[in-house]
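Below you'll find the structure I mean.
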Amino acid sequence: MATVSFREERCKGCELCITVCPEKIIVLADHFNAMGFHPATVVEMDKCKGCAMCARMCPDVVIEVVKEEKQA
Amino acid sequence: MATVSFREERCKGCELCITVCPEKIIVLADHFNAMGFHPATVVEMDKCKGCAMCARMCPDVVIEVVKEEKQA
Amino acid sequence: MAKVIFKRPEALTDKQFHYCPGCTHGIIHRLVAEVIDEMGIRDNTVGVCPVGCSVFAYDYFNVDMFQAAHGRAPAVATGIKRTLPDRMVFTYQGDGDLASIGTAEIVHAAARGEKITTIFVNNAVYGMTGGQMAPTTLPGQKTTTTPKGREKDAAGLPVKVSEMLSTLDGAAYIARVSVHDPKHILQAKKAIRKAFEVQQAGLGFALVEVLSTCPTNWGLSPKEALKWLAENMIPYYPLGVYKEPAEVK
Amino acid sequence: MAKVIFKRPEALTDKQFHYCPGCTHGIIHRLVAEVIDEMGIRDNTVGVCPVGCSVFAYDYFNVDMFQAAHGRAPAVATGIKRTLPDRMVFTYQGDGDLASIGTAEIVHAAARGEKITTIFVNNAVYGMTGGQMAPTTLPGQKTTTTPKGREKDAAGLPVKVSEMLSTLDGAAYIARVSVHDPKHILQAKKAIRKAFEVQQAGLGFALVEVLSTCPTNWGLSPKEALKWLAENMIPYYPLGVYKEPAEVK
Amino acid sequence: MLQEILIAGFGGQGVLSTGQLLAYAGMIENKQVAWIPSYGPEMRGGTANCGVTISDEPISSPLVTEPTTLIVMNRPSLDKFEKAVVPGGYILINSSLVDQKVKRDDVQVMEIPANQIAEELGNTKVANNVILGALIELTGIVSIESVVESLKKVLPPRRHNMIPVNQQALEKGAQLAREMKK
Amino acid sequence: MLQEILIAGFGGQGVLSTGQLLAYAGMIENKQVAWIPSYGPEMRGGTANCGVTISDEPISSPLVTEPTTLIVMNRPSLDKFEKAVVPGGYILINSSLVDQKVKRDDVQVMEIPANQIAEELGNTKVANNVILGALIELTGIVSIESVVESLKKVLPPRRHNMIPVNQQALEKGAQLAREMKK
Amino acid sequence: MSKVLMKGNEAIGEGAIRAGCRHFFGYPITPQSELPHYLAKRMPEVGGVFLQAESETSSINMVYGAAGAGFRVMTSSSSPGLSLMQEGISYLVGAELPCVIVNVMRGGPGLGNIAPAQSDYFQAVKGGGHGDYKLIVLAPASVQEIIDLMQVAFDLGDKYRTPVMLVGDGILGQMMEPVELADEVTVPEIAAKPWAAGGLQGREKPNIINSLYIVPEDCEELNKKLFAKYDVIAAEETRWEEYRLDDAEIVLTGFGTAARIAKSVVDKARAEGIKAGLIRPITLWPFPSEVYARAAEHAQKFLCIEMSMGQMLEDVRLAVNGKKPVHFYGRSGGMVPLAKDVLAEVKKIMAGGAE
Amino acid sequence: MSKVLMKGNEAIGEGAIRAGCRHFFGYPITPQSELPHYLAKRMPEVGGVFLQAESETSSINMVYGAAGAGFRVMTSSSSPGLSLMQEGISYLVGAELPCVIVNVMRGGPGLGNIAPAQSDYFQAVKGGGHGDYKLIVLAPASVQEIIDLMQVAFDLGDKYRTPVMLVGDGILGQMMEPVELADEVTVPEIAAKPWAAGGLQGREKPNIINSLYIVPEDCEELNKKLFAKYDVIAAEETRWEEYRLDDAEIVLTGFGTAARIAKSVVDKARAEGIKAGLIRPITLWPFPSEVYARAAEHAQKFLCIEMSMGQMLEDVRLAVNGKKPVHFYGRSGGMVPLAKDVLAEVKKIMAGGAE
């Protein structure tokens, strides 16, 4: 299980994260952020593999990825 | 038969012509020219083959070469 | 247990980038910062930013920074490195900055084997000033100063910086990478790391040419821009390591 | 019947060269003049001389001449050629002029495929100003600014101009020649002629790098200087044609 | 008569060209006109604005620091420029894009759902001209005819077919303003 | 006292260092001194010259345009500078190298076969000091001791063995001048 | 003739074309980039050459080549770019080559910013390059005047064989104003340049374009020749605008945008009963010193208004020569004076407040 | 202390070393090349760095790097080279970086020649680069003064965080004169530079060396800050020499070599019964204006002597402010005034002849 979190106020809606997400779970939200962009957001977080493709691709360092590791 | 002529007043006595003359017939004269150099001169003109090596090598375009061609 | 897989590197300040949406300058910044973090050299690094869209990079890198005159970053970096030989010094430069007005500076920093690292962002255009032709603009590419497309007779052919600098004996490490997809981003990071390692080892001048997008001035969406880069720039500017010292291979 | 085998070319004025005894700048001047004569282009040629020992070349070439600022001859030549595309335009530049301060200008004239011809006199030193290190000064070579010999860490490694410019697609013809003996002088002349022919055919930028002596600043007699050139410069700067358009081969 | 109009919005909203159209119309009416864009290195897709000065007298500085009329095309622009308007001046807001309210009460505010009206006219691109029509009605700065005349000069011939819909937009805007004034 | 000495010859004849030696000696005697070379881009191996000013007063310009003494080491220099010498001044000619005669009659001329004398002393390199000795004798500008003292400073230690022969040269030159004066 | 709305930067380009300039060499920089953009399109239309150089240093040397070949040629930049041209400008002067150099000034020093400024006055007028020289420096205050002065610039350049500089600030470059333009582009007659080095083409003696004068006497001769030329230019080509000057008690002065603002303040001040007038130098060099000297006979005070920390101020002071106090009001670093602030300054001065 | 005979160019180098400078970046040019030659040998001896840059443009930007890293650093060139440094100088000012820039001036404009001149006065003093700024400009007149002023130059640079320029002409660079030198080279104490960007090294907040002030208000603030600093410098650091000034009826003035000549003329004139005196500015900026103003109270005439067509002349006129006539005698293009000619001019002026 992984969680991706977006610093929404920093997203410029460029959609690059969307392009690279293998699970296709990122979309642009309907609302605008303060800069006037539709921010990216994950719709089905449980499908996220924590591959961090999105974060690696994001030019604005909007995304943080945390993975829940199985207790050893 | 060839003649090489030196514009003596322009010679800087660098000896490059001397170095390349296959017949070794060029030497520096004993006297100075107006610039204060010992000018190059040919000692045995009859040995000159008119190869123009000297002229080609002279950095100061001091030398002219004229060849007597056999009448056809 | 929660493990952070990906987070903002420490070598970036928390300041928001001013870049256009989808501009890959941001990715390249992050890679440099990640390398600085991973090598643990933040305390010891000095960066030099250029005139170009990345002119504000001094606000983003969380290290001591210089803003250099257009094209002169390698000279500024030389001034820093020669006074402080044990610091890690890098320049971050665009293609107008490095390959046009700054040609002499980069060639001679390389020839001197100046122990600095240069991140060279090739986006085939002058971003900052409104999309004019860069030395790296592709043949046929439309820009504000080649409105009918770059044409050989009027505007010449592109400068291939990595190829050119590789002819210099003082240049120790030269590589060309791209950031148009995650796989290439990883490769780019490796090259950047190597370029810093070459400096650390005192082996000479190191440069990484990074193919980058300018959606705004290319008149493309960020997505289209990545595609354009892959399809047009990479064939013209082949990726790869152009020069590498035996010591770090 | 008397036949003149060798005489002063018409494209040289009758003015005496100011060069030091044995300085091969004079030979190179003569070769350029001979080519101009042989191609019959004296009436149509414009030359640009640099800042360096050949600064007075405007007094020697019997064609319209410009004296250009240090390193900027290629830019000046560009200005001339772009206004008068049917003239033959050449620059005559030293290694300090072309390969140091003028690096950006020569690289970009080449990249633009500027239809000019450059005679590049590489004598591994700044002649005019008193024998300082040039970008082409050999490793270990003593100059007034490398009193203990050029040392890599302090002063870097030489720039190989022909190799570097050959990476540029706009450069059509690039060759390196030498004038240290009559045989090489003949070869040098051929290369110079080709460089003018490339321009005449509108094929792009052409440059001939000529290895040349500076007896004065090398501290050698003219004879010894030729030998030093042959034994030290040629191994470092291999002679040959580096680039040639198919059309003129 | 001296009117200084500031038009502000996102880049790409036609802010600059709307200002130019207005200036052109002023020129046609033999008024003194000047137009100037903001040209800061703002992020592209960021804000853009321009100032238009129309006057009977020679214009000193074309910079519009205290607009007699402000046209607002996005929210950040309202935040930024609301304070600058001269007391008694106008603020015209494209309410299709800006939901915020003006806080001052010493200015005359008009909210125009310009995109909506433009859509009704069948072309969202003419939204700016709806507002321009309103401005003309309110200030009498130029005539609608002059703007239409200007369109002929400003638009390339192949787009002259757009002139009628633009004219409709201008008139619709003017009508709206007339109604709202009452 | 203000003496302005011009020393002229070919490059490589030691013209510049002879001038420096003289200036150094002046300095040792607590006089005001200045030395300046010509630094034109003349062809190497061409002419070289330097000016030395020695004075009790602060020196205004170190340029020697009207020498009180001219030392001539080659023919072109005589041609070039003969005219510049102040009336009543000295012209010292190294007659071993210059066969030409001075044309003016309002100056005091001394021809010194300096190379020949130096050769007799066993070292042609001290020719310049023969002339310098003569100059000292004629003008009293500095003492021979000061020049010898200066040699210690100017010559690198490994060449201090040259000092005696230089001293001899100076003295020989002085003696010659004394004799010729008569 | 048509009246069109035109951007200042574009007017520079169109004005050059109408003055017969067919060669432009330049390097992009804000706030003048619309000029290269315009010419990149426009030059090919009129059979001219637009070339983007690798730097400003190269631009100015390309100009040297084209000018020496005998052509009307122009380059353009903004403040930092002009600094990079200083050596080249000095060479153009030394070789007596005509050309037009445009500076659309921005805030400085250093990288500064891209906002409008006038702080390169000294560089333009005193000579930012080495050696003794002057440039003719033209300072338009409107887009129409840009068009008009471009013609003047090229004509004066050719007439006196001298580089001419046209300076404006970012506002002038960026603003649009109406201009009157002839419908047809006609190439004006340009006098032959027998000194140009464009190839012998049958001529016997080579022409040489050169600024090396190795013999100091020769170089001094050149300097004297240049300054004799400058005397003629000063006598014949000085341009300025006077406004309500005759009975003015306070004379406002400034150039370009600052002068426009000053002019509006003159009216405002008069409306409030203060007898204000304006001197607007149009040629910054030659500076219209005599106009100031004349005005100093009757005016009480002078106020110099600049978008700088005070540069033209020195020339005003030299012209007034101590006869009357010269005050200064300036904004710098890209800030623009506001008419109301200048008016307040005028009032303060007339009340004897400012020193 | 030893007295040694030293060349001006070498004294610049030795003076720098004694002032604690261990970094030199430069590019060869006559007539200052002995300085790089000297330092190429000398710097390694004292553990310093000598680097030959690829151009003057690069030199000044290397200086920017080294100065920003917190080190005492110098570059040197002659006239055309200085023109190429103008952008860099403006950046150094904008980033408030201390450094020393040397100009051993030669004849111009253009390539000109290598003979001594003073015609880069305007460039040095008014600002050849873009934007509003001043440099502290020091003008030694002897080799000893070179040594002394090099220390001053580095100290003032650090004290005010400003580039300092030292100007001389070819004569000053080429001549040898006696100088007093301490036998030991000691490194003076140099105050810490907490603003330097030499790596965090444990510091928390990064230091930034920058001259970009994108917001005009900020850039104006910078300008005001600079000019406030300049006011302090003008008040505290102005240097000049007066000579027989108290009762002078004619005041000769000039700097560097021209001042030496003027001084000898003062004595010659006095010997002939003309009450002459001298003002020699040692700081060309800040200019010792008040000394002139004071002298203008009693002196009848001023005569400015320069190796140029008249540049400092403007500052003298501004300082005298119309109170007394200011005459000019200049030689240019590498020519040097002769004392006898200057004396003749003095006599002519005192006889009312020259205007």
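The first chain written gets the first letter, and so on, giving A, B, C, D, E, F, G and H; residue counts start at 1 in each chain.
One rule holds for everything that comes next: a contact is a pair of C-beta atoms (placed from the backbone, for glycine too) under 8 Å apart; a residue touches a chain by one contact, two chains touch by 3 or more.
Since the structure is predicted, the reported quantities are computational estimates derived from the model, not experimental observations.
The minimal number of chain-to-chain contact steps leading from chain B to chain E is 3.
The greatest centre-to-centre gap from chain C, using C-alpha centroids, is found for F. Rounded to whole angstrom, the centroid-to-centroid distance between chain B and chain D, based on C-alpha atoms, equals 26 Å. Taking the mean of the C-alpha atoms as each chain's centre, chain F and chain G sit 56 Å apart.
Rounded to whole angstrom, the centroid-to-centroid distance between chain B and chain G, based on C-alpha atoms, equals 60 Å. Counting partner chains per residue, chain D has residues 19-21, 55, 67, 69, 100-101, 103-104, 107-108, 128, 135, 155 touching two or more of them. The set of chain E residues touching two or more other chains comprises 40-41, 45.
Of all residues in chain H, those that touch two or more other chains are 30, 51, 54-55, 57, 80, 87, 91, 95, 111, 114-115, 210-212, 214. Taken together, the chain G residues at the contact with chain D in this complex read 23, 25, 49, 51, 53-55, 57-59, 61-71, 73, 87-88, 91, 95, 197-202, 206-212.
On the chain C side of its complex with chain H, the touching residues are 13, 42-46, 48, 55-56, 58-59, 61-69, 72, 75-84, 87, 104-105, 107-108. Residues 57, 79-80, 82-84, 86-87, 90-95, 105, 107-115, 117, 119-120, 122-123, 126-133, 210-224, 226-227, 308-309, 311, 314, 317-318, 321-323, 331-335 of chain H touch chain G in their complex. For chain B in complex with chain D, the residues that touch the partner chain are 2, 10, 12-16, 19-20, 37, 50, 52-53, 55-61, 63-69, 71.
Chain E meets chain A in the complex at residues 10, 45, 74-76.
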